[in-house]
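First chain A sits with chain B, and in the next complex the same chain sits with chain C.
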Partner chain A sequence: MSNEASRQSRTAKLASDLRQFWSEPWFAILTMILAGAILLFIVTPVFAVLYKSFGMDASGFTLDYYREFFSRTYYFDSMMNSLGAAVISTIIVVILSVSISLYVTRSTSFVSRFYRGAALLPLVAPPFIFSLSLIILFGRNGIVTSVINSTFDVEFSIYGFWGVVIAQVLGYFPIGYMLVESTMRNMNPSLEHASSDLGASQWKTIRKVTLPLSQTGITKAGLLVFVMALADFSNPLIIGGGEPFLASEAYLLVVGQQNLEQAAVLGVFLIVPSLIIFIFQTYILDDSGLETISGESGASNAPLSRRVKTVVMTINTLFVSFIILMFVMVVLGAFVKIIGINNTFTLEHFQNRNGWDSLYTSVFVSFVAAILAATIGMLQGYLFARKPIPGKKALEFLTLFGLAVPGTVMGIGYVLIFNGSPFFLTGTVLLIVLNMTFRKIGVGLEASISKMHQIDTSMEEASSDLGSGPYRTFGKVVVPLLSPAFIAGFIYTFMTAMVSISSVIFLIAPGTNLAAVYILNLAEQARVGMASAMSFVLIVIVLSCMGLLKYIEKKTGVSI
Partner chain B sequence: MSGHENFLKLSHLYKYFGDVKAVNDISIDIEQGELISFIGPSGCGKTTLLRIVGGFHKQDQGSITLDDQAIDQLPPEQRPTGMVFQNYALFPHMTVYKNVEYGLKIEKVDKAEREKRIKEALAQVQLEGYEERKPSELSGGQQQRVAIARCLVLKPKVLLLDEPLSNLDANLRMIMREEIRRLKEELNLTIIFVTHDQEEALSISDRVIVLKDGTVQQLDRPDNIYNEPSNEFVANFVGHANILSGNLAEVDGDTYFKTGKFSFKVEQPSNTTNQDVKAVIRPERIKLDPEGQLEGKIARIVYNGNFTRYFVDIQGEEIMVDDFNAHGLGSYQRNDQIKLSFPDQPHYILEEDVQ
Partner chain C sequence: MKKLITTTLIISAMLVLAACGDSGSDGEPLQVYTHNDSEEMDAMVQDIEENTGVELDVLRLSSGEGWSRIQAEAPDVGADMQIGMLHGFGIKAEEEGHLLPYESDEWEDVPDKFQQKDGEWYGTSFWYNLIAVNEDIMKEKGLDVPQTWEDLLDPQYEGEIVLPDPGTSGTAFLFVSTIMQIMGEEEGWEYFEQLDENVGQYTKSGSAPAQMVAQGEYAVGLTWDQAVYDYIDEGYPITDVIPSEGVGYSLDVAWIFENTDQPEKAKKVMDYLGTQDFMELSAEYRSMVTKPGITDDSGLEESFIDYDAQWDADNRDRIMKEWQDKFSN
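Then we have the complex of A and B:
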C-alpha cells in the first residue's frame, strides 16, 4: 500500500513538474532542442563507433574485428603501449604535481609565482609541442643526440615509447597540477598546525595529514591525466617512432586503409576505460567529507622546513627548467635557419601561406565554437539549476560525458554519422565547429551550474516581484550574473579548440585546414623550423587572448 | 486614515510540503495601513505564509483577496505586492538607481516620470546622493533602504518584509525599526513583517500573529499578546514567563491561587470559575518586597544591565523575578532569604495547552 502511495506521489510530482516545465514554453522548447543536440552530437557518434566495431551496416553482426584485434599482436601492442605510457606518465605527473603544490601553496614569493606560471605554461601550447622540442634536442639529428652519440658511440634517439611518455608528462602536467594545487589550497591550515602542535615533524605531517586529506583531489587528478594520456594521439604520431598506440593507430587505419571497422574496435578499447573512470569519478569518488576549509581562516600553512624544501625544490627546479627549456627550443627553432646546424637568425619559417591560412581558420573556428559552447553552457546551466526538467540528471551526465570521450572516438563517430545522408557535413567548417562545441560544453555547464548555486533564488524572485516575466528576468538578471561562467566556458573552449587535433583531424578537408593539424603534419615530416614558427604564433595568439580577457576582467570588475 | 477593514484577506490557506503541513488552515483579515507581524519559531510557517502572499509559493487550498481582487492565482510579477527579501536581493550588477528603476521600466513608465519617482523613493528612505553606487559599495543598512525604495517606487498595495532586520547589527536594527514605522505612518503603507524576534514584533506592530506548526496561536495587539497570552506556547515564546499550575480555592471569603507547594492571595477572577488553571506571571510583575507574603531563597542571579533576574526557590519551586536596577547594582546576594509579593491579578490560561 505504501508502495502504491509512493508511486502515486511520484506520478503526481512528475505531472506537476511537467506542467511547470511547459508553463514557460520558450524555455521548454530550448531545453528540448538542447537535449536533441546533445543526443545527436555527443551520444550518437559514440554509439556509431560501437555499432561499427561489430561490422554492422556492412556485413551484419560479426566479432571478426575483435578477433583480429586480439590475434594481431600489432593491434594488441597498441593497447598495451597506450595503457603503459598512460600509467607511467600519470604516476610521474602526480608526484611532480604534489611536489610543486607543496611549495606553491605555502609561499607567495616571486619564485613561487614564477614556478606556478611555468607549470601552467603547457596549457597554452598544442599538446604535441613537447614532442617537437624533444626532437630538436634528442631527435636523430638533435643537438644533444649528436653529442651523446659521438661521445659514447651509440645510436641514441628519443623516438619510441619513452619519448611518448616524456612528452605526455610535460603536456598533461598542468591538468593534474591544477587539481592537486586547488585541493591543497582548500585545506584548512589549522589541521597542519594542529599536527605540528602535537609534536609531528613536517615530513610526518605531510605524510599523515596533508596527503591523506588531498587524497581525493590527487586521485581525481591522476584519473584525469590517465584518461587524457590514454587518448593521446599526436605525441605517438610524432615521437612514437613507429610504435603503435591506440589513438594514432585508429587514425592510420581510417586514413591509410579506410578500415573503419577495425578503427572502431580500437576506439572501443579507448572509450571503455574512459567511460569506467568517468562513472567512477561522477558517482563513486566522493570528496564531500574532506572539504576541510570552513569559513574564513586567517591562518596560512607554515613554510616548508629546510629538509623538506631541499628535496621538493630540487625536483621542482629541475622540472620547471625542463619545461622552460622546451619552450625556448621552440622559440629558437622558429627564428634560426636549422637549429643546431645553422644558427643564423631568419624569419623565413614565418613566410608560409598555408600556415597563416590555417591559423586564420583555427582562430575563426575556435572563436565561434567558444561563443557557442559558452552560450549553450550558460543557458543549460540556468535551466538545469532552476527548472524541473524531466531526465535532467541523465542529460547532465551525457553533457559531461562529452568531455570524457577520447577525441579520436568522437572524430571517427562524426565521420560515421555525418559523412553520408542526411547530413553530408564532412569537410565543412560547420561540422568542425559543432564537434569542438559539443565536446566542450560540459565545462561551461559545470561553471554555470556552480555559479547558479551561488546566486540566491531571491534575486530572480525579486525581479519577478518587481513585475518582470521569466524571460526578461533571465536576460536582465541571470545572464549578467552568469557572465563569469560564460567567460570561463569561453576561455576554456577557445584555448582547447585552438590546439585540439585528435577529433578534428578526421573532419578537415582541403581549404579547411587547422593550425594544430597543419603543425602536426610539419612535425611528422620533421620540418622543425616551420613547425616551431607556427607553434610560436599559435602560443602568442592564445596567450594574447588570455591577456585580453584578464584586461577585460580588470576593466569590468567581472571576476573570471 | 485607516482604510477598509478587509483590505488583505487570507482565507483558509493550506500549504503542504510532502507530509509537512507548513500552513494549516490560516485565515487573517488585514486592514489597510496596518503593520502586522508574523512571528514564531523556525519552521512555524511564517515565511511560507508570506511567500504565498507574494506569489512565490502556491497555496494548496484557500484564497487571497487584496482590495477586493482575487490575487491567489496570479504569478508574482502580476501581484501588487512588494517584497523586501531577507538578504535584500539587490541586483549586484546594477547601480542603486538602476535597481530602483528596474520595476518602473517594466511598467513602461516614461523617463521623466521615472526620474521623478526614483528621486522621491530614494528621498523617502533618505538615500539621496547614492544613485550611482553599486550595492557592494553600501553598508547593510543602506542596502536595506535600497531594497525598500525599490519596492516603494512601484507603489505596492502591500509591502512584504521577510526578516528584514536580521542581518543588521543591534543599533542599526533599532534605527531601521523606527524608519519602517515612520514610512508606514507617512505613506499609510500596509505591511506584513516576518520576524523571529518577538521583541522586534512587539515594538513595531499594530497587531501580531504568533504561529506554530502552521497554525495561528494568537492574533492580537502587542500588549495583549504579552499580557494575555492565549496559551503556554505564546506565553513562553513572547517574553519570559513563570507558568504555575494550580487551582483557585476559597478560604475565609478570600480567593487563593494554590500550587502544589505554596499559595498566594488573588482577586476572584472574572473570566474563570475553573478550579484547575495555569497562571502566567511575568517576572517583572513579582516584587521583592519586605512586606511580601511569600518567602524564598535566591538560587541564582543573572545580571542584565538595566535589570537583574533572580531565580528564587520557594518551597522547591523556582520562580523568575526581575528587579529593575534603578540604583545601579542589584542589592541581593546568592542564598539570601527574601520576601516576594505576587500580583493579585495573574493572567489565567483557560483552555488545555496545545502541545
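Then we have the complex of A and C:
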C-alpha cells in the first residue's frame, strides 16, 4: 500500500517536473539538443569501441580479439608497461607536487613565484616535447650520456620504460601540482600552528597534520595523473624504443594495420581503469568532510623551518632546473642545425610552410572549440543547477566522463562512427572541433555548477519579479555571474586543445593537419630541429594567449 | 564582462568567415597524400603552387600508414591525389580500381616502364635501400663496416642497428621484400629472426634511421639513399654502404584518385610533375629521376637487384601478416 503511494507520488513528481520542464520551451529544447549531443559525441564513440572489440559488424560476435590479447605476451606486456609507468609516474609526481606546494604556499618571495611559474610551464607544451629533449640530452649519443658513459664506463640509454616514465613525470606534473597546491592553500593554518605550539617539530606537523588534511586533494591529484599517464601515447612512440604500451600500440594497430578490432580491445583495457577511477573519484572519494575546517583565518602558514626547507628546496630546485633545462633544449634545438652535433646557428627550421599552416589550423580550431566548450558548459551548468531536468544526474555523469575517456579510445570511436552515414564527418574541421569540444565541456560544466550553487536564487527571482522573462533573466543576470566559469572553461579547453594529440591524430586530413600532430610526425622522422622549432612557436603562441587573458583580467577586473 | 564575451564571439565568427574566405577564392585546395619527407615536400608544394596556380593541402603519412588509410577510406578516399608513394601500392591501387586514368602529354618522353599503360600512375623518381653507418661510433666501439646484408647478422652489432618498421614504413618493406626476393621466403624469415636480435629499435618512418645514425644514436641504420646523402652533404660522420648482394629499389609514383571532385586541377598538377622544371627540382632531393638526361644513374643499376614490384603488390598483405605474427608488431 505504501509502496503504491510512494510510486504514485514519484509519478506525480515526475509529471510536475516534466510540466515545469516544458514551461520554458526554449530551455527544454536546448536541454534536449544538449543531451542528444552528449550522447552522440561522448557516449556513442565509447560504445562503438566496445562493440567493435567483439568484432561486431565484420564477423558477428566473437571473443577472438580478446583471446588474441591474452594469448600474446606482447599485448599483455603493453598493459603491464602502461600500468607500471602510470603508477610510477604518479607516485613521483605526487611527491614532487607536495614538495613544491609546501614551499610555494608558504612564501611569497620572487623565488617562490618563479618556481610556481616554472612548475606550470609544461602545461603549454605538447606532452611529448620532453621525450625530444630527453633524447637530445640522454639519448645513446646524448650530450649527458657521453659524459656518463666515459666517466662510469657503462652503456646508458634513455630509450624504453624509464624514458617514458621520466617524460610522463615532466609532462603531467602540472596537473597534479595544481590540485595539491590549491588544497594546501585552502587549508586552515591554525591547525598547524596548534600542532607546533603543542611542541611538535615541523616534520611531525607535516606528517601528522598537513598531509592528512590534504589527503583528499593529493588522492585526487594522483588519480588524475594516473589516468592521464595511462592514456599517454606519444611518449612511448618517441622514447619507448619499441617497448609496447597500450595507447601507442592501439594507435599503431589502427594506422599501420587498420586492425580496428584489436585496437578496440586495447582501448577497452585503457578505458576500464579510467572508468573505475572516475567512478571512485565521483562517488566514493569524499571531499566535503575537510572543507568545513578551511576558511579565512587571517593567519598565514608558518614558514618552513631550516631543516625542512633544506630538504624541500633541494628537491624543488633540482626538479625546476630540470624542467627549465628541458625547455632550453627545445629552444636551442630550434635555432641550431642539429643540436649537439652541429651547433651552427640557423633559422632554417622555421621555414616550413606546412608547419605554419598547421599552427594556424590549431589556433583556429582550438579557439572555436574553446568558445563552444565554454558556452555549452555554462549553459549546461545553469540548466542543471536550476531546472528540474529528468535524468540530469546521468547526463552530468556522462559529460564529466568525457574528461576521463582516454584520447585514443575517443579517437578510434570517432573514426568508427563518423566514417559513414548518417553522420559522415571524416576529414572535416568540424569533426576535430566537435571532438575537442565534447571531450572538454566537463570543465566548464563543473565550474558553472559550483558557481551556480554559490549564487543565491534571489537575484534571479528579483529579476523575474521585476517582469523579466526567464530568457532575459538568463542573459542579463546569470550569464554575467557565470563569466568566471566561462573563462575557466575557455582557458582549459584552449590550452589543452592546442597541445592535444591522442584523439585528433585519427581525425586529421590534408588541410586540417594540427600543429601537435605535425610535430609528432616530424619527431617520427627524427627531424629534431624542425620539431623543436615548431614546438617553440606553439609554446610562444599558447603563452601569449595566456598573457593576453591576464591582461584582459587586469583591465576588466574579472578574476580569471 | 558581457562585452568581453560578445567580443570574443564576434572575433570567433570573423575567424570562421576568414577561414571560409581563404579557401573560397578558387574552390577548395587540392588535397594530397604523400609519403615524402616534410622538408622535400614543402619545397615541392611551393614549386607546384607557383607554377600551376593550384593550391595544395598536404598530409604526410608513412607509406604503410597511408596505404591502410586509403584502403579504409576507399571508395571515398579523403584526398584528390597522391604525390609520392611506393610503386607496389600504385600497382595495387590500380588493380583495386581506386585510380583515375589520365594520359598526360608532358610525360611522353619518360620511358614506358615508369608509367602505367593508361596513365593510372606515373613514376617521378627512384630510390633504393642503403645502409647508413656512423664512422665515429664504429671506430669508438671497434666495429667493422658491414659489407653485405649477411654481415648485419654478426653478433658484434647487437643493439646497434636501427630499422624502420615495415608495418608503417615503405623503406622497411622494400628491404623485407628485397631480402625475400634474394633469399627466398624461408631463408628470408630466418634472416629477419636473426636480425631482430641485433635491432636496437624499430622506427615508424624510414628516414628516421638516417638521422639517428647521423646523430650517433645508433651505429648502423637501414634507410634509403637520399636520406643518407643529405647528412653526408652536411658533413656528418656517416657513410653509405650498398651491400654486395644488391639493393632493392622502388619507383616513387604519383596518381589521381578515382573519386576526386577536382579532376581538372589534379590533371594540371600531374602534367606539371612530368615537366623538366619539376623533375629538376625533384633531382635536388632524389638521386635519380625518371625523365631522361637529368640525373646520372650510370653504374647504379649494377647494384640493383632485379626487383619485382608486382611481387610486392601481390604478397604484401601475406608477408606483413606473418611479420606481425613473428615480430608481434
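Basically, the second predicted complex is superposed on the first by the 547 of 560 C-alpha atoms of A that agree within 3 Å, B and C clash if a C-alpha of one lies under 4 Å from a C-alpha of the other, contacts with A are read in each partner's own complex, and residues count from 1 in each chain.
The criterion applied here is as follows: a contact is a pair of C-beta atoms (placed from the backbone, for glycine too) under 8 Å apart; a residue touches a chain by one contact, two chains touch by 3 or more.
Only a predicted model underlies this, so the values are computations on that prediction, with no experimental measurement involved.
> Quick one: chain B or chain C, who's touching more of chain A?
C
> If we overlay the two complexes on their shared chain A, which of chain B and chain C does A:456 touch? Say first, second, both or neither.
Touch status of A:456: first partner only.
> According to the stated criteria, A:480 is in contact with first (chain B), second (chain C), both, or neither; which is it?
In the superposition, A:480 touches chain B and chain C alike.
> Which partner does A:368 contact after superposing on A: first (chain B), second (chain C), both, neither?
second
> Based on the superposed arrangement, let me know which partner A:464 touches: chain B (first), chain C (second), both, or neither?
First partner only, chain B.
> Quick check for you: in the superposed arrangement, does A:472 touch first (chain B), second (chain C), both or neither?
A:472 sits against chain B, while chain C stays out of touch.
> Once the shared chain is lined up, is A:509 touching chain B (first), chain C (second), both, or neither of them?
The second partner, chain C, only.
> If we overlay the two complexes on their shared chain A, which of chain B and chain C does A:139 touch? Say first, second, both or neither.
In the superposed model, A:139 contacts chain C only, not chain B.
> Between chain B (first) and chain C (second), which does A:393 come into contact with in this model arrangement: first, second, both, or neither?
neither
> With the touch criterion stated at the top, can you tell me which chain A residues are shared between the chain B interface and the chain C interface?
Residues 480 of chain A touch both chain B and chain C.
> Can you name the residues of chain B that touch chain A in the complex?
54-56, 75-79, 81-83, 85-87, 89-93, 102-103, 106-107, 150-151, 154
> Taking the complex as given, what residues does chain A use to touch chain B?
On the chain A side, the touching residues are 456, 458-459, 461-469, 472, 476-477, 480-481.
> Sort out for me which residues of chain A touch chain C in the complex.
Contacts found on chain A: 72, 74, 135, 139-141, 159, 237, 241-242, 244, 249, 252, 255-258, 337-338, 340-342, 352-355, 357, 364, 367-368, 371, 419, 426-427, 429, 479-480, 483, 486, 490, 508-513, 521-522, 524-528, 530, 552, 556, 558.
> Could you please specify the touching residues of chain C with respect to chain A in the complex?
Residues 1-2, 4-5, 8-9, 12, 15-16, 19, 29, 31-33, 37-39, 41-42, 45-46, 56-62, 64-65, 68-69, 71-73, 78-79, 137, 165, 167-168, 200-205, 207-212, 214-218, 234-236, 320, 324, 328-329 of chain C touch chain A in their complex.
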